[in-house]
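Take a look at the following structure, please.
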Amino acid sequence: MIEMFKPGETTASLEVLVIGAGPAGIAAACIADESGAITGIVDENPGIGGQIWRGTSQNAPSSQAAQKRSQDLSKSKAQLLLGARVIAQPDAGILIAETAEQTYTLECKRLILATGAREGFLPFPGWTLPGVFGAGGLQALVKSGLSVRGKRIVVAGSGPLLLAVAAYLKKSGAQVLQIAEQTPLKKLRAFTNRLVRHPAKAWQALQLKLSLWGVPYRAGIWPVRAGGSEKLEWVELTDGKETERVECDYLACGFNLAPNTELAQLLGCELENGCVRVDEFQETTQPGVYCAGEPVGIGGLETALIEGEIAGAACLGHRDYARTLFSKRAKARRFAALLETTFALRDELRELARPDTFVCRCEDVTYERMAGHGSWRSAKLQTRCGMGPCQGRVCGPAAEFLFGWKVDSVRPPIFPARVESLTVAGVRE
Amino acid sequence: MAAPDVLIIGAGIVGAACAWECAREGFQVTVIESETVGGGATAAGMGHLLVLDDSEAEFALTSYSVKLWREKMEELPPDVEFLGCGTLWVAADDEEARLLPKKREFYVSRGVRAEILDSQTLAEAEPNLRRGLGGGLQVPDDAVIYSPCAARYFLARAQELGARLEIGRRVAEIERDGVRLEAGTHLAAGIIINAAGTAAARLTPGAPIRPRKGHLVITERYPGFVRHQLVEMGYLKSAHSVTTDSVAFNVQPRRTGQLLIGSSRQYGVEERGVEPRLLARMLARAVEFMPELRNFEAIRTWTGFRAATPDKLPLIGAWPGHDRLYMAAGHEGLGITTSLATARLLVDEILGRMSAIPRVPYAAGRKFNGAADH
Amino acid sequence: MAPRITEGVTLRVNGAAVTMPTGASVAAAVLAAGVTRFRRSVLGEPRAALCGMGICFECRVTIGGRAHERSCQIVCAEGMDVRTDD
């Protein structure tokens, strides 16, 4: 693996450009490189692995699989650009990416979007207190050097991520008080019964459960309030009937995942049910643009790896090879569908926000100010919700869930960018 | 529903101002809006309230209207974000600076405060402008607002006086005695006001209104970096340019500390998307005047369409050939500023009384001298 | 057992010296310094890192005089001057 840019260079020309160096992106880049294509891979994080394979700041890989794949990538001739966000597309086949110091122009013939997913947040009283983190959020911070030794932590929200996070926090020396999963016990039981059909998953689940021995995993429980004076001191959890207060130092709370579809939307790719629409070869409705993993539909690690490989092969015309992976993909996607129905958010979560609870954190817009509006656009114009630097990434999914609004279209820059980076497009005349 | 006295098409800032003014006169008002209050050009624009010396008629309308805005200053709610920062016209070089005395004289002789700044005093007034500029003209009584909330406020006041607001209904056609909605319903009204902005020409065939696209960028919060609305002297050249795409340096401080960066003009473009090349040109122009802008974080960009007429003046008043239809559209880049005066002039005409300024230059049925395709 | 970390990076958070393992994020350094408030929201409320992946913008601090830096995405460097909102 080589660095995409030498000092002084700002333009790169690639046959295959992969955006996102998580599992899907790594799989796509490896296979594209194996086919002999000049391949580049870009990620906004300081290291490869995305979220699920996020390495620690001490460069410890997150798992054996992650280690193997990242070794494959290092051995390849793929060119790597880290700490870079794609912000605009001045012309077909050309992307502008920005790091803290530089602005780069990336030209490519084929593009593979492996932009992953982000955590889903729901507002409830006290959710903005320091000490309330996302579940994946707290894990990412620990991996980046935050010590949680001896900290009392409640893990709450929804999804299998909660178990992985709790296990990791426990391993890191935290006192994990409990895991509160909003999904009802009945649905969780049905899910574990179905796991028999997916033995690898069952084994993973069992390993997690064993490492969490001593940590209560409670179903049908969700947070209703977080409190403390300048930072978090306690959380109130409920089962819909009774509420208990739990004193803690941190709350790691996330409600499933939301796909990062912004780049796909910027490029004009069509979405379906909030996810990027692709054909059997992972090609989007924009010719030459492929998409794999979470943005196509939240599907987890297996799906990402397989779809990344299909995209990497198919974009170079190796369709027969791609076809050999279809049935593996179907199986992985079936598991993903099972996850989606199991961990669907319950209606009570819509009632958590009080009138004075902030829904938009960037602009401090409360629930009651937003609720009066009939559409996301109207709420945005009148209250400025969604107009802050997060560009609606945190409050948009929450607003969709709370009010049923459709969050509107995407414009450049798809991430706050230096004014200078937006002037680059004019240079190429 | 009984037929209202006045039916207003469009709840942008112009329609909203008309609604309030009509309701104040005791008219039964209904406002029909197809999408969102203040969702068209009102949302896209800069919200700059300025007195413009482009022509006598433009000056009369803008100065009258800015006076009306200043009368309302105290009562505007906080989310309208009224900021009395004034405008600072910037001369890029000595050649442009030589035009400043004449510009100042125009304002001052008509009772509007204006003060010339030389290169040095300009740098003191706005330390973040680059060195070596020609100077400037400060017009301290200009201001900026956040327009969608102003439109909502005007409508709220109208509603307090009994006006009705119907959102989500689109007018398909203006008929003899009312309008027909897309859904098929016919709504009768004593008077119809077309305040539909760029859609005004669709509803009133023959109304010489064409869309003129503009781009804008808003940055993160950098409080104190810019103190006045800054507009380059070359802005007027850009506003007049008939055929080419043009950009001009135009930067506004918002109450939040964010900077609003404009401006651009394009004709004959219907496509709504942000155009990276034009955006790049516009931002490059801004950076020429304020070099540090290049490192500021741009959070969002967007486009909007101004409703433009051949002589840059709006259509205000009765539409010839229809005994109930009045126009309140075609304000180009001055809709926010002139919304209040538009409403006042229109109601004066409806009631047959004299206005504070002559209405003739804005007559809706006026002829345009030879300006073929503007 | 992981080896004891003897190297590190020393930076200043609100004037106080903090030593972090090489590769640690500035967000981790802020929390290690015992600072719970990274920034004040529009209405003045205390805020801290939330998403850990650079999308929520709650972890913004000023580094070396540059405002609006997302601390969870920035690796600690020797001698960095980090300031949170008062």
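Letters A, B and C mark the chains in the order given here, with residues in each chain numbered from 1 onward.
Going forward, a contact is a pair of C-beta atoms (placed from the backbone, for glycine too) under 8 Å apart; a residue touches a chain by one contact, two chains touch by 3 or more.
Here the structure is a predicted model, which is why all the values come from computation and not from measurement.
Student: Per the contact rule at the top, check every chain pair and give me the one with the most C-beta pairs in contact.
Tutor: Ranked by C-beta contact count, first place goes to A-C.
Student: Let me check something: if the centre of a chain is the mean of its CA atoms, which chain is farthest from chain A?
Tutor: Of all chains, B has its centre farthest from that of chain A.
Student: Can you give the whole-Å distance between the Cα centres of chain B and chain C?
Tutor: Roughly 44 Å separates the two chain centres.
Student: Roughly how far is chain A from chain C, going centre to centre by Cα mean, in whole Å?
Tutor: 22
Student: Where the CA atoms of chain A average out and where those of chain B average out, how many Å apart are those spots?
Tutor: Computed value for the inter-centroid distance: 41 Å.
Student: Can you list the residues of chain B that touch 2 or more other chains?
Tutor: Correct list: 220, 297.
Student: Would you give the residues of chain C that are in contact with at least 2 other chains, written as numbers and ranges?
Tutor: 42, 68
Student: What positions in chain A touch 2 or more of the other chains?
Tutor: If we look for residues of chain A contacting two or more partner chains, we find 388-389.
Student: Can you name the residues of chain A that touch chain C in the complex?
Tutor: Touching chain C from chain A are residues 44-46, 51, 56-59, 83, 100, 118-119, 121, 128-134, 136-141, 144-147, 230-231, 358, 361-364, 388-390, 393-394.
Student: Which residues of chain C touch chain A once you look at their complex with the stated criterion?
Tutor: Within the complex, chain C touches chain A at residues 2, 5, 20-25, 27-29, 31-32, 36-38, 41-43, 45-58, 68, 72-76.
Student: Tell me, which parts of chain B touch chain A in their complex?
Tutor: My answer: residues 35-39, 43, 79, 148-149, 152, 167-168, 217-220, 261, 273-274, 276-277, 279-281, 283-284, 286-287, 293-302.
Student: Flag every residue of chain A that touches chain B in the complex, lowest number first.
Tutor: Residues 88-91, 374-375, 377-378, 381-383, 387-389, 391, 411-413, 416-420, 422-427.
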